[in-house]
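Chain lettering (A, B, C and D) follows the sequence in which the chains are written, and residue indices restart at 1 in each chain.
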Amino acid sequence: MIISMRARASKEEVDYVCERIREFGFRVHSIEGEERVVIGVVGVGGDVTACLESLEATPGVEKAMRISAPYKFVSKEFRRERTVIRVGSAEIGGDDMVMMAGPCSVESEKQIMETAEAVKAAGAKILRGGAFKPRTSPYDFQGMAEEGLKLLAKAREATGMAIITEVMSDADVPLVAQYADILQIGARNMQNFSLLKSLGKCGRPVMLKRGLSATIKELLMSAEYVVAHGNQHVMLCERGIRTFETATRNTCDISAIPVLNELTHLPVILDPSHAAGKRSIVPALAKAGVAIGADGIIVEVHPCPEKAVSDGAQSLTIEGFQKMMKELKGYIELWKQERMAEMAVTA
Amino acid sequence: MIISMRARASKEEVDYVCERIREFGFRVHSIEGEERVVIGVVGVGGDVTACLESLEATPGVEKAMRISAPYKFVSKEFRRERTVIRVGSAEIGGDDMVMMAGPCSVESEKQIMETAEAVKAAGAKILRGGAFKPRTSPYDFQGMAEEGLKLLAKAREATGMAIITEVMSDADVPLVAQYADILQIGARNMQNFSLLKSLGKCGRPVMLKRGLSATIKELLMSAEYVVAHGNQHVMLCERGIRTFETATRNTCDISAIPVLNELTHLPVILDPSHAAGKRSIVPALAKAGVAIGADGIIVEVHPCPEKAVSDGAQSLTIEGFQKMMKELKGYIELWKQERMAEMAVTA
Amino acid sequence: MIISMRARASKEEVDYVCERIREFGFRVHSIEGEERVVIGVVGVGGDVTACLESLEATPGVEKAMRISAPYKFVSKEFRRERTVIRVGSAEIGGDDMVMMAGPCSVESEKQIMETAEAVKAAGAKILRGGAFKPRTSPYDFQGMAEEGLKLLAKAREATGMAIITEVMSDADVPLVAQYADILQIGARNMQNFSLLKSLGKCGRPVMLKRGLSATIKELLMSAEYVVAHGNQHVMLCERGIRTFETATRNTCDISAIPVLNELTHLPVILDPSHAAGKRSIVPALAKAGVAIGADGIIVEVHPCPEKAVSDGAQSLTIEGFQKMMKELKGYIELWKQERMAEMAVTA
Amino acid sequence: MIISMRARASKEEVDYVCERIREFGFRVHSIEGEERVVIGVVGVGGDVTACLESLEATPGVEKAMRISAPYKFVSKEFRRERTVIRVGSAEIGGDDMVMMAGPCSVESEKQIMETAEAVKAAGAKILRGGAFKPRTSPYDFQGMAEEGLKLLAKAREATGMAIITEVMSDADVPLVAQYADILQIGARNMQNFSLLKSLGKCGRPVMLKRGLSATIKELLMSAEYVVAHGNQHVMLCERGIRTFETATRNTCDISAIPVLNELTHLPVILDPSHAAGKRSIVPALAKAGVAIGADGIIVEVHPCPEKAVSDGAQSLTIEGFQKMMKELKGYIELWKQERMAEMAVTA
């Protein structure tokens, strides 16, 4: 921690700050500049956040800056090798680019079965589909709930694909965990801390989507919640952030992928469908995601997007998905070569 | 609804769109421009959102735009007079500028009692204090939970002030509603739809904080959730949005107050503490909030901010709060005159 | 400056960083934490920015943070009393809340004369009007150029009001300075450094508008350009920043006013017209601006907004301006009392 | 154009709006909904922007929406084949992925010659280097000006590479055009309309960088300025936009590339250096840029980044550039195959 005092801070103020730092169990290392005093806070064991917040509120302090990362278990310092999450036949975070595909919402047996078979045939290993739907309007379709989960389970049985589906409330975690292979936390719930805590003991891998205006650091802190409560199988998902640009539904922060790869050992998935908000640029974004080193891609696919109950505009048709998978082939090969080379170095 | 077709859309595409519109129960009014066809969708009774989403996903469509507001009960069209919420001795939305004050977190009996008495004496009618704390880090203080609620109830008994406190999960709503006079929904839970639904039957007024990157329309949609599920006593709170500016913790979107006053009959509260993130500019923001026509101000006050377990940097001291209340006096008088004049016109 | 080394930085890397710091003429103060080395850079006379940029690019360095402000002449450290700029009968930054009003564009003699007389009668001291118009589209009206400047000068002659008008290019500075009392730099030119430099010797006060996505610090740096090139008469203008919110044209960052008041001695003007983008909320924003302590307000007024060649939607009618001025009266009185009290303390 | 009237607009208001539309030379097509009147404006020849702005300011109007694009020459509707810009041995926009590389600033003959030879050998066809530098602070290095241009010309002579360099003011355009092969307009000048106009007759291709908070539509409007003033050789550059995320200097809006490819025939270049702000993630972003279909990549390279006078942290070393070029090889091959396939279809 570094504490920068105001230019006109008095000696008493500086002394009081030093005293407070010691009360929190840290050592003080103060530097007298020409203009102001800057204090280095050294040591382990103390409560860094509490000390930081306290000092920020103390008279004479201009700024208190944390140097160390506020997360621990999810950091690359804690674990240097990539976390690999095995789900069904997929190894997320390993030497396999994992494709997840399916409709935004589960709507009917016919719809989910048809989609599952088609996306499997085209190369997807994991089937997505929402049974609990977070909708901006109370008047919109809210999902088929448990009935939808049952249809997903049926599709798994028929195709052997693993299932990923969203859970919106801590109260629903046990139910969803009963059916799903991966629990998805939506962007609007990334900082639903009650929900995050309940995932610690759910016994299923979790995919945590980045909030609409969440920083990368906050995304990692939310993952830390899940891990700290007992569940190490967390993957992160970049799905676009909210900016002033309206040509796309969100702004795909593609840099988040290499930045996360520097900071954490957890797998990172790209969701080009929500980032784009329109079908026509989804395949291009998927290519960029593979090229930049994501561990997987999750896309929305619907047999008849214009009849979808939600997100039709950004859903690929089945033919669109097949075409995209063909276009991705060369990129996935390059991805594998790079991953292999990396593993050879690490080993 | 207005559907703008692509410049090169075929006749078949236009016809199919018209057919779909009729299937949704609307009438079609098409306009042939020099460049493209634009279709007006007229009628009531159909499902606007479903139709809109469907058309956005239909080939040949460039854009589908909603004209009518997506919310109903919270709109000024539905109800022209201001909603007044009576809590304890306060009338929120009436001819009273309501001050809410108190610590970020309830920390101890001494702390909450001392603060309650002081802020009451200075003019606050409602006591704030968190017992369930949404914290970015799993390692930070998470609140005193029910014990904190009991201390708040004690402070109410001692001072007669009404209590506002946050609830973070639908599972906790009954417990919090047992103690609190107003349930606060934090910015990070503004689109926790499970929580919003559970507030419909909680029997208490609700203060809904705007999400960090929520639009004004989304805030109104979240309020609509609560009202549509049975609870009309909702107040909205502007607490700053997230932008690129880092000189303040958030960017206080002060315009949201007059914009909301044009769109809704619900009361609007300003939270200058979270908007600013630093104590020194809180009083200036509070003045702006009164001048621009907020129905109330909610601020963080702590007897000793540098020992607060959370948000110390943005908490006013008790003296700071007293000073601010004195400075606000003239502004509150002007506010009352304007409110009275408005009521005279409406009556 | 504080240099935070990577957790695994080698001794050689640390030594090289220290050597570089000394080469730049600074002293080194290094702190060995449990996890990493942090280096304090102390001393004056060296080139802080160059040193900082160099270190950021040096192997082993994680982050290089500047502690001191990058601006000098515009800072409150350099000069504690407010800068007062006298223009015509107005004292901007003094004990006078200065109202500036007029059309977006000068369109005709009739239009500018009529507006000037009306806004003067209602209390404005400075007449605004654009002769060079920055327009997003090359096909839109680009302003009357010198002819517009002449009409402004005529309006000054007739009414005694001072004139503020925009200059868009360093090549036009001498011409505009010949006619105008204050040169306005538009938001899109806030970092047009060639233009900023040319203002140093223009002999006229300058109003610098904040860029659409400029930070407060960058706004101050742009002001520093003008002052460093020889012109101390700079006022700053908050006119809204660009965010995701679309209910208003821009988001009025009202907090910028008290933040600037803490950081600089330069006057700060609020432009509620561009911030709002729609007429109906301009008066509310103007009230907030007065209450929060701006030194002046600049608004767009047009005798017939729906026939304005630009910005009609956000222009007040003359009646609207008169009504707003009446509503502001009480707020301006409070403003004066506060300003007087402040001056009494400072004196 | 679509005009949506307020729900309570009077018949007189609607009639007046219709009259105004006809005055502007358009035809009226009005639709009476249950709630409000919506008016379609049809026809060509009238001044769309003027009409739109006027109606937005007219009583009774809620919103006026433009349907057609506000730009013409740069749109895909105007020209369906890609614009190919030939500069030296490069064909930008053709079947060649063009690499541009070089230092942020030209610093010395040795530096620019060494860099030029190295990046040419590694595969770059165009040499970048700044002689006029837009710097946030007046105290920072402002570039070598004409002397820098001369060194660039020398490097061109020695290596045969074409030169791209920034111009900051319309006054400097003739000078810079004398030396440079491509004139670069920096992000902060994207809406310096005086500068844009002066590029119309400069006789050189122009690379227009997207402003920090410019929308894609605004970028196209700025390009339209250059084309409308006589210069068709414009390429666009995505270099990151400003958001709340601070882990990177800017947020690389990678989706802008496919979006621009849908809207315009102009070539699109990606600048991963400014988008990232740190060297380590530049190669990953470059890969994404190639994969998503950019026409070229421009990166900063310096023989010794920690001694660079500017942007060292984001500059690749020469070895770093060589390594990146090797890694890009496979991606560039895929890019070529796709471009060839596209050309085969178009032909």
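By definition in this document, contacts are C-beta pairs under 8 Å (C-beta built on N, C-alpha and C of every residue); 3 or more make two chains touch, one makes a residue touch a chain.
Quick caveat, the model's predicted, so the values are computed rather than measured.
Note on interfaces B-D and A-D: more C-beta pairs are in contact across A-D.
Most remote chain with respect to chain D, judged by CA-atom centres, is B. One simple way to say how far apart two chains are is to compare their mean CA positions; for chain A and chain D this gives 31 Å.
Mean C-alpha position of chain C lies 27 Å from that of chain D.
Chain centres here are Cα averages; for chain B and chain D they lie 39 Å apart. Of all residues in chain B, those that touch two or more other chains are 213, 242-244, 246.
Taken in their complex, chain A has these residues touching chain C: 2, 4, 7, 29, 31-36, 38, 40, 42-44, 65, 67-68, 77, 213, 242-244, 246. The part of chain C that touches chain B in the complex is made up of residues 213, 215-217, 241, 243-248, 251-259, 262, 275-276, 280-281, 284-285, 287-293, 327, 330-331, 334, 337-338. By the touch rule above, chain A contacts chain B in their complex via residues 20, 47, 49-50, 53-59, 70-71, 134-141, 168-172, 188-189, 191-197, 212-213, 218, 221, 224-225, 228-229, 242, 279, 305-313, 315.
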